[in-house]
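What follows is a single structure, and I will ask about it in a moment.
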Amino acid sequence: MSLLEIRDLTASYGVTQALHGVDLSIDAGEIVALMGRNGMGKTTTVKAICRIIASEGTLRLGGTDLHRLPSHRAARLGIGLVPEGRRCFRDLTVSENLVATARPGEWTQARVEELLPKLGQRRDQRAASLSGGEQQMLAIGRALMTNPRLLILDEATEGLAPLVRQEIWQAIAELGHSSGMAILVIDKALREMARIASRAVILERGRSVWSGRMDALDEETARRLIGV
Amino acid sequence: MIPERHLNIAVLMLFFAVPAWALIMDEPFTITLATRAAILALAATGLNIALGLGGLVSLGHAIFFGIGGYAMGVLAFHAQTYTPMQLGGFEIAGTKSMPVIWLVALVASGIAAVLVGLLSLRTSGVYFIMITLAFGQMFYYFAISWRAYGGEDGLSIYVRNDFPGLNTLDPIQFFGLCATLLCLALLVFWRLARSPFGLALGAARQVPQRVETVGLDPVRLKLVAFVLSGMMTGLAGALFADLNRFVSPTMFSWQFSGELIVLVILGGVGRLMGPLIGAGLFVTLEHVLGDITDFWHVILGAILLVIVLFARGGVVGLFCGKARPDA
Amino acid sequence: MSTILVIEQVINGLQFGVMLFLMAAGLTLIFGVMGLINLAHGSLYMIGAFAAAWVAGLTGSFLLALVAAMAAAALAGALVEMVVIRRLYAADHLDQVLATFALILIFSEGTRWVFGSFPLYLDIPEALSGTVTLPGGIAYPLYRLVLIGIGLTVGLALWALIERTRIGMQIRAGRDDREMIAALGVDISRLYTGIFALGALLAGLAGALVGAIQSVQVGMGEPVLILAFVVIVIGGIGSIKGAFIGALLVGLTDTLGGIFLPEIFKLFTDASTATQAGSALASMAIYILMSLVLIWRPTGLFGRAA
Amino acid sequence: DVKVGMITTLSGGGAGLGIDVRDGFLLALEQAGRDDIEMVIEDDERAPDAAVRIADRMIQSERVDIMTGIIWSNLAMAVVPGAVAQGVFYLSPNAGPSQLAGQGCHENYFNVAWQNDNLHEAAGAWANETGYSNSFILAPNYPAGQDALTGYKRMYEGDLAGEIYTDLGQTDYAAEIAQIRASGADSVFFFLPGGMGISFLKQYADSGVELPVIGPAFSFDQGILQAVGDAALGVVNTSQWSKDIENETNAAFVESFEAEYGRLPSLYASQGFDTANLLISALDVADPSEDPDAFREALRAANFDSTRGDFAFGPNHHPVQDIYAREVIQEDDVFTNRIIGTALEDHADAYAAECQM
Amino acid sequence: MPDPILTTTNLQKSFGALKATDSVSLDLRQGEIHAIIGPNGAGKSTLIDLISGRTQPDAGSVTLLGQDVTHAGTAARARAGLGRTFQISALAMEDTVLQNAVLGAMGASGKPWRFWRPALWDADLRMRAEEALRRVGLADDAGKRCAELSHGQRRQLEVAVALTLSPHAFIMDEPMAGLGAEGSRLLTGFLDSLRSEAPILLVEHDMDAVFALADRISVLVYGRVIATGTAAEIRASREVRDAYLGEDA
């Protein structure tokens, strides 16, 4: 059984339906890429998984029906989220951001600062005054510190310098392989996703229209569904 | 959902129908209530410019209401006692002419709004709410201890002021006067909201940094809105004083500022008819509930609570949904 | 005016400041830290005082009265949070103002319904009445010294809770982004209910403690509410240290203004006019102080830029 | 039938006063068995504009002949001039601002309680009698407070150790008490109505300052005393009424009020009671809507049994009456007042001369 | 060589002990796209804030069209011809696309102090706004509320609003952020055509876009410009690779 199991998921914002039937599953230790053009429902899917918006269909994590849980209980089952747009806690310092929602496990503040040294240098600075990229690093660190079973990265490398980006991709790949964390990535860096993810799911207008092994994604499909 | 335009027309018709009915049934008090609603609506329409269009939550609008009131009170007081006012060596006679009083009320509240606005607009958000409150309290305490004009006891004006060609003591004529001014104010609000100024002001409320990058100064825009807003509320204050033939420091109280905000929210923030609906509803509730029990405030509180919790966007929002921009 | 009197007045000012801080402490949590404009805070203060007066009347025990005050206010707070406030975190300040304004109406008249229209009796316990002599020969009421002690303790504890514990971080984070803190596994609803109840509890405690030297009656909460807002805004929203310093500043300004302004005016006009004009200015003093602070620093003394 | 409109404070902080006036008034009607008097009672929330609104309604819509009930001077100033100008009679059961006693007096306005300064004047007179020669005086900075200090000083002959105005609604008096302590005064006069007085007295009692205190009855009425408790014991206050004034009417009033409402009456209750009885006595003579002049004359005659014994109006329709000095005592569990002397006899007010009607 | 449109001279800005901008001197010339790249926290956004007037420098100066604007406010610089887009879209979400564009036109024509005639009746304002929308390809969406736009459309609108100002220079902070591959490609094409109209100072981490567009690239590290040159020169620089690009760019 997969760690995350989604079948025929639907969701709406008020009267506009954003998801029309998404299927997606991830096993422990697996990295899956969620792809699609702008506005196709990737973030909405993430919000549904995290129970930030209401949805219908099958939505299970480790066999538990997430639909029965409020957002924070779902998170405590082991979901770590790096949200679109960073959303660091502006009034908290970098350390406080990391510590406030941490759960015990192998990711500690020391280890996060090792991966992202910039955060160590800015430890007592308020998140609001960090540069864009620094905030992005903080969002990643914060999610890691919850020591999740399922890590969700929604545009987690946006605004990061190429060098840092490479380091992060490197770390993500290692995470998936060594620690058995399941990872769902959404990113515009298709090249990197292709390199580290084993499978991909592509959304179009709120529906999963393609899914399969990464190496099975041919150029024609990619051009049609993603625009490259 | 019904189109806002239809609701607006219905509300205006009701607003004129009630006093007309009262006139026929010889119920002068109902006319007085309608007049009161009209004046409160005028004050709230003023606030609606700052609050609804400019996003300025002023908990100090009683300042302008009070200044308008005292403009009337002081001028009429000197007229009724036949004593000229001493103003730095000048002697100014009082007056009982409404147009003159209105002019003074507009100018005085405008000047106050420039000063309060200039200082308050340095802050924003909750701080703006609190600094306007602070200015309101200053005016309130000043009025309380200003013995020359009655202090806390206030000033009684024995006869309503004059308007050329009208008998202002006749309830329906005074209502007509207030209703006309309210309609003018609504017209101003309606045009203002769509004018270039209104558009820029709306943007300054939503994204001040964007307004700056197109070369406009959001603080200046808000200041002008605040002044217009204060002047309108000031005019309402002068009328209110004439309705009661009495002014007192409670016109400056923070509770009154709060009540104005409540009126606007009740009707619908930023909506043309929001203030009139809010004022009409409030006056009616006050009148009806007061008859039911001594503890009618509890019922009023419960009704307000239900409205905030279940009718976001006030009455207009309830019937017409969210505001639509008219492109 | 003798030096010793001046010193005594400065102590009075500081003491009044600490008392203000005690009254503002609950609001610091609810308004300052959680970012919710709660006009009904004064009502919670009143509920505490009434509960205390009622229980003190029944049992004669001040201690039990304090416990009752805290319990009643906390309960009312929790209830209000769950029924009303919870739906308003996401709403803008306007809706909060309207809803809590409605709550004032309900609480005030509800209390009058239950307890009647006459002020209630609540006095300081025998053990704490009377004065002690401070160095310099100043006779000072013992109870007020106890209030200072409690105020400082509450302040310190609050500061530690907010600035030094994980719960404090989560509260501050929740003000910024409720959705996000929940998505990271914090039960923000329960946390906020708890904190709101704690804020209410502190309001109730202050109501009972201060009510014992003031009057316990309907409407007692509103002047306190305004003062508490002034204190917090001067200090800067979100800062406990700011609230404390704001409270001391307000206490000093109010006390010393009331005494010295009439004296200063006496240098220019006759005694009677001076007393009146001076007092008039004194009653405006704290508001003048607040606007000066905000004009100088638009986010208060220790507030952070938005 | 006549219609009487009563506007008084029934909600919020000052509700106790209005409720006492109302209850006293209704008690008198009930005892007289008058069902030809129709009452319209409304709460003014202690807000002038609410009072005006209600007055408009009573006059325009209910078409009342007589109005009464207002507690607070600022509300009276808002309502009374307009009401009497429209031909309505106004009988004040409490508020007695100086304007309405002097230049602003009116033939249709009668005050059945006192002119605002009266009780303070009596306090000044009593201070002389007691031999105080160096008073410290304080009151809130608003007209009634300013009148209070003026009233005290009008009669008081000694020196002033200090004179201060506090904030309206002030709750903490540590600074003032320190000033009193340092001033070398031999007595303290204060006028702090309502919660202000409760706070002041409690704090004063706890401060160790032991100077004698004197004030008008407003801070020592039956509704407040229980809340002040021990702190008020022995304090001298001046009042035109007390429950131990010896006359039949008063004894019956006190007894029946307590029987009816389960609490002791306050001076406000007595004022409401007297106002109603004055009204009834005049109604027996003439109907205000048919013969207002005769009705007015009947009011002026004040032909009724007052709880205060003798009762007469001066030329400005304000009482000419004795004002007593009382002392706060404890009877069983209840704190109440006892007369210890008469401060002023047949006292009128200082503004009567300015009144022309 | 003609005078540069925009010059900064020895700009300095510190936050406490941190020198976010350290003697930065650079310029923007007619017809070019000048890209600023550098590690996170290098001070790029700070530099943009200094140039646009959101922050005041500790020292140094900013010159626009030969005029010293160091101490002018944001609005004044905008009137002097500086068009800016934000890293995170700053649009009036409750208003329509057209209204947002009209706002820009109003700023440019200095017409906000009109209180009576509806803004959308003003043919002049409307024409300017519609022209700008057409150019970025939003003409069909003019009546939509901003809140209903997709992320990519908002970015286009950002540019359109800047266009209505007919600025002499554009400043853009990470315009590609959040755009998908397709959106980036379209925007890249558009910016390419824009440079003939007014030069662009571009901050961007999307190296594909930067290398495709930039005539010159300046590299900012710890608040200092460590290198300026053409795409090829920068790509080849060892120092830049170590500090920023890494190995696979």
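The first chain written gets the first letter, and so on, giving A, B, C, D and E; residue counts start at 1 in each chain.
Basically, a contact is a pair of C-beta atoms (placed from the backbone, for glycine too) under 8 Å apart; a residue touches a chain by one contact, two chains touch by 3 or more.
Remember, it's a predicted structure, so these values are computed and weren't measured experimentally.
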Number of steps on the shortest touching-chain route linking subunit B and subunit C: 1
Distance between chain centroids, defined by C-alpha means - subunit C, subunit D (Å): 34
CA centroid of subunit B to CA centroid of subunit D, Å: 36
Where subunit A and subunit D are represented by their mean Cα positions, the distance between them in whole Å: 74
For subunit C paired with subunit E, centre-to-centre distance based on mean C-alpha positions, whole Å: 48
Sites on subunit B at which at least two other chains make contact: 141, 144-145, 147, 295, 297
Residues of subunit D whose C-beta touches two or more other chains: 10-11, 141, 146, 167-168
Chain pairs that touch, as defined at the top of this document: A-C, A-E, B-C, B-D, B-E, C-D
Contact set on subunit B toward subunit D in their complex: 27-30, 32-33, 36, 141, 144-145, 147, 150-156, 158-159, 171, 240, 244-246, 248, 250-251, 287, 290, 294-295, 297
Residues of subunit A touching subunit E in the complex: 37-39, 84-85, 118, 122, 129-134, 136-137, 155, 158-166, 188, 190, 226-228
Residues on subunit C engaged by subunit A in the complex (per definition of touch): 166, 169-170, 172-173, 175-177, 179-189, 238, 304
Residue ranges of subunit C in contact with subunit D within the complex: 1-2, 5, 8-9, 12-13, 15-16, 19, 108-109, 112, 117-124, 129-131, 139, 141, 143-144, 210, 212-220, 223-224, 255, 258-259, 262, 271-272, 275-276, 279-280, 282-283
Subunit D to subunit B touching residues, read off their complex: 10-11, 42-43, 47-49, 52-53, 56-57, 60-61, 73-74, 77-78, 80-82, 85, 97, 99, 104, 141-144, 146, 167-168
